[in-house]
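Order of writing sets the labels: A, B, C and D. Residues in every chain begin at 1.
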Amino acid sequence: MKETSHDLLANTPSGRANALLKVMTERGYVPEGFIDTFTHTMEVEWDPANGARVVARAWTDPEFRELLLRDGTAACQQFGYTGMQGEYIVALENTPTLQNVIVCSLCSCTAWPVLGLPPEWYKSFEFRARLVREGADVLRELGEDLPDDVVVKVWDTTAESRYMVLPVRPAGTDDWSEEELAALITKDVLIGVARPRAVDLPRGTEGV
Amino acid sequence: MKETSHDLLANTPSGRANALLKVMTERGYVPEGFIDTFTHTMEVEWDPANGARVVARAWTDPEFRELLLRDGTAACQQFGYTGMQGEYIVALENTPTLQNVIVCSLCSCTAWPVLGLPPEWYKSFEFRARLVREGADVLRELGEDLPDDVVVKVWDTTAESRYMVLPVRPAGTDDWSEEELAALITKDVLIGVARPRAVDLPRGTEGV
Amino acid sequence: MDGIHDLGGVQGFGKVPHRINSKSYKPVFHEDWEHLGYSLTVVGGGLLAAYATDELRHAIERMSARQYFSAPYFDRIIVGTATLLVEKGLITQEELDEALGSHFELAARSNNPGRPAPARANTAPFEIGDEVQVRDEHIEGHIRVPGYCRGKRGTVLHRTTVSWPFPDAIGHGQQDAAHQPTYHVEFSAKALWGEGAREGSVVVDLFEGYLTRVEAAQDSLAAQTDGT
Amino acid sequence: MDGIHDLGGVQGFGKVPHRINSKSYKPVFHEDWEHLGYSLTVVGGGLLAAYATDELRHAIERMSARQYFSAPYFDRIIVGTATLLVEKGLITQEELDEALGSHFELAARSNNPGRPAPARANTAPFEIGDEVQVRDEHIEGHIRVPGYCRGKRGTVLHRTTVSWPFPDAIGHGQQDAAHQPTYHVEFSAKALWGEGAREGSVVVDLFEGYLTRVEAAQDSLAAQTDGT
């Protein structure tokens, strides 16, 4: 893929990406193995399971919760979930009547190490245009029909703060383990377009 | 062209136009000959030469000038230049230190019977976006570098008023006939992006 | 609506593709289908009286951003016309698809009913020289206020002697739309684009319902506020 | 710049293409070239340190509206990256064209030098609970104020403990850009979108230089004005 003969490239997104790769490689700018290594980081290391572990810890450890809300970066650093696009992490605390939702109306900023790369719909013109203006309507269309007494608070990622949503722990999960709780936290929950529900999943591997 | 076999139509602007024509024709909505007649009106009858005649008359007949500025529709009606998109015509009087320029930032509204259909550049995103914000810069780029003491007044055609610019009569044209004067008035002059200049043209057919 | 069609003042656009007086403007049409744009929409809106001009404008505004910016001008007229004829039940999407031989993409449907002219009517029409303010409104449906003058103050230069149906109503097919005059309102370039703007002004043609009167007392208070 | 990328609050966009929790989000990339978007821009901006992230954002903002709205996301990253590498002299348009086998369309050049943080500095940092107002500025170059909150008033929720280079400067390659904290400023939905808006709020992350303090006296005067 990296040695593409130039007469095979169409003027398409794929063709342009491979043309730029070819030029940068020929100039000697791309270190051997860098792309494979960085792609592995993007595909495997940056994952919403990371943010899920952070949330589960905050649900079960009051001191960690306090740290997460006071200094999200330090809290995530305990798990190693910082670095590129995770330099200044801010956790947003939901309550039963407050739903925080994250967007980047100007481009696509996201806390990569905690949430993983932003999904296509998050980067869509529709989400970027509409969320700041009609947040509750957008959530309902996405499938999260909030009760009328819940206020939506939209966080537009216009500078270098990188947000993650700390959802409300669902009722009936008092005796769940951190691992079981983490399984409730999806990427959509961390972005804030969905709320975790204990009924959504069979509990752990016991199928309770 | 009107009897296009449907498997020849590509999903292009031309294809879509001909598909709509076919559907409307088959439904019986398009009267025999209407398109040819209306196209003739658009191509031949609505012409900037019309506005040029109005301007030349205003330059040579003070009473007509007063009427044109007071009731542009009535003045243009004397020539028959009203009707569709010419129902409420307003003439904008330039002075040596004031240049009026017309745009339609929201779509493409223009006084068809007086100026002719709007040209492509007038309908361009560039003109629509930039004229209201940086009028003098746009005029300079177009080739009309106004002196510093000239103020640009942009008229955005957002409702049903249809504008035409009444330029300043160039110096040295005192003994010119209406026909000779009209030859100085181009479509660009009527829109306001250009000023008439007596030196631009050989005078009349005598080549003076 | 604050749509992508509302281009006035949007930055990042390059040079206007023109040099003054470089063209004869004949022929008027450059491709053999272009005349169909206006011809067919005059059939639909004029001969069939199926929709008002503001409905056509609104249909075009409802095109997706991708479609709007990639379609040439007369193609946008065709798509807007086809959209309205389908919405009015005069033709069908299926007929269009069959005639085209592939999917004929129309503008998005509107789920907005429009609105009548604002109820808080003015006590009297505005006069030349009056200071007026454009209402700071955020209307989801069709409206003919460019975003750049929303909430701004200007001076009345002219009141039209003719009235027209209020765009926010007739643009959604409301046949009982109130008729109003429009006003040529002049805004200084600095009021619109900030103190750094070059001297100049923009005149916008605004329906009476889009405007409120700036009272002298309010004006004086605001001047104090601005100066703080 | 008030560019077409500034999408917040722009109307006419349809449904977000998603249903909650319907995806596993694996694989992360859906086409075999997509990983090159971020990989190559990290080479250019990170390893080569040829540009700051705000310069990449600005390059993408300078794409034509047609190109911006028709290009998929990672294609915009590629075009922005290629644009900057050409502008910085690290590669050439000719190399790109030859590698592609046709013209490689880049973003438009900027003729704007950017600007330093506003000189009228605040006497002290803002504190949590302070009422602030977003400066009513119309900046031609790169800026990280979404248009929907320009000139609006909000409340400070947080001041960052870290400072970053002012986007309007670093976005144009000014290496001496002042470093400032940012503030999480909460705006009520009604302040942003009018009285008809549903209860709610939007929090925008704004550099100190974008904000001014709302003094109590000014606030009181303005309240009188608004109430007139």
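Heads up, the rule we're going with is that a residue touches a chain if its C-beta (ideal position, glycine included) is under 8 Å from a C-beta of that chain, and two chains touch if they have at least 3 such contacts.
Computed from a predicted model, the values in this text were never measured in an experiment.
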Ordered by label, the neighbours common to subunit B and subunit D are C
From subunit A, the most remote chain by mean C-alpha position:
B
For subunit A paired with subunit B, centre-to-centre distance based on mean C-alpha positions, whole Å:
53
Geometric centre distance via CA averages, subunit D-subunit C, whole Å
28
Euclidean distance of C-alpha centroids - subunit B vs subunit C, Å
19
Per-residue multi-chain contacts in subunit B, two or more chains:
125
Each of the following residues of subunit C touches two or more other chains, namely 5, 9-11, 13-14, 65, 69, 193, 197
Considering the complex alone, what residue numbers of subunit D touch subunit C?
1-4, 9-14, 61-62, 64-66, 68-70, 108, 136-138, 140, 193-194, 196-197, 215, 217-218, 221-222, 224-225, 228
Contact set on subunit D toward subunit A in their complex:
5-11, 13-21, 23, 25, 27-40, 42-44, 47-48, 57, 60, 69, 71-75, 78-79, 81-82, 85, 90-91, 95-96, 98-104, 144-146, 148, 158, 160-162, 164, 167, 182, 184, 186, 192-193, 198-207
In the complex, subunit B residues that touch subunit C
1, 6-7, 9, 11, 13-24, 26-27, 29-31, 34-35, 38-39, 42-43, 48, 84, 87-88, 90, 103, 105-108, 116-117, 119-121, 123-130, 132-136, 138, 141-144, 151-161, 186-189, 193-194, 200
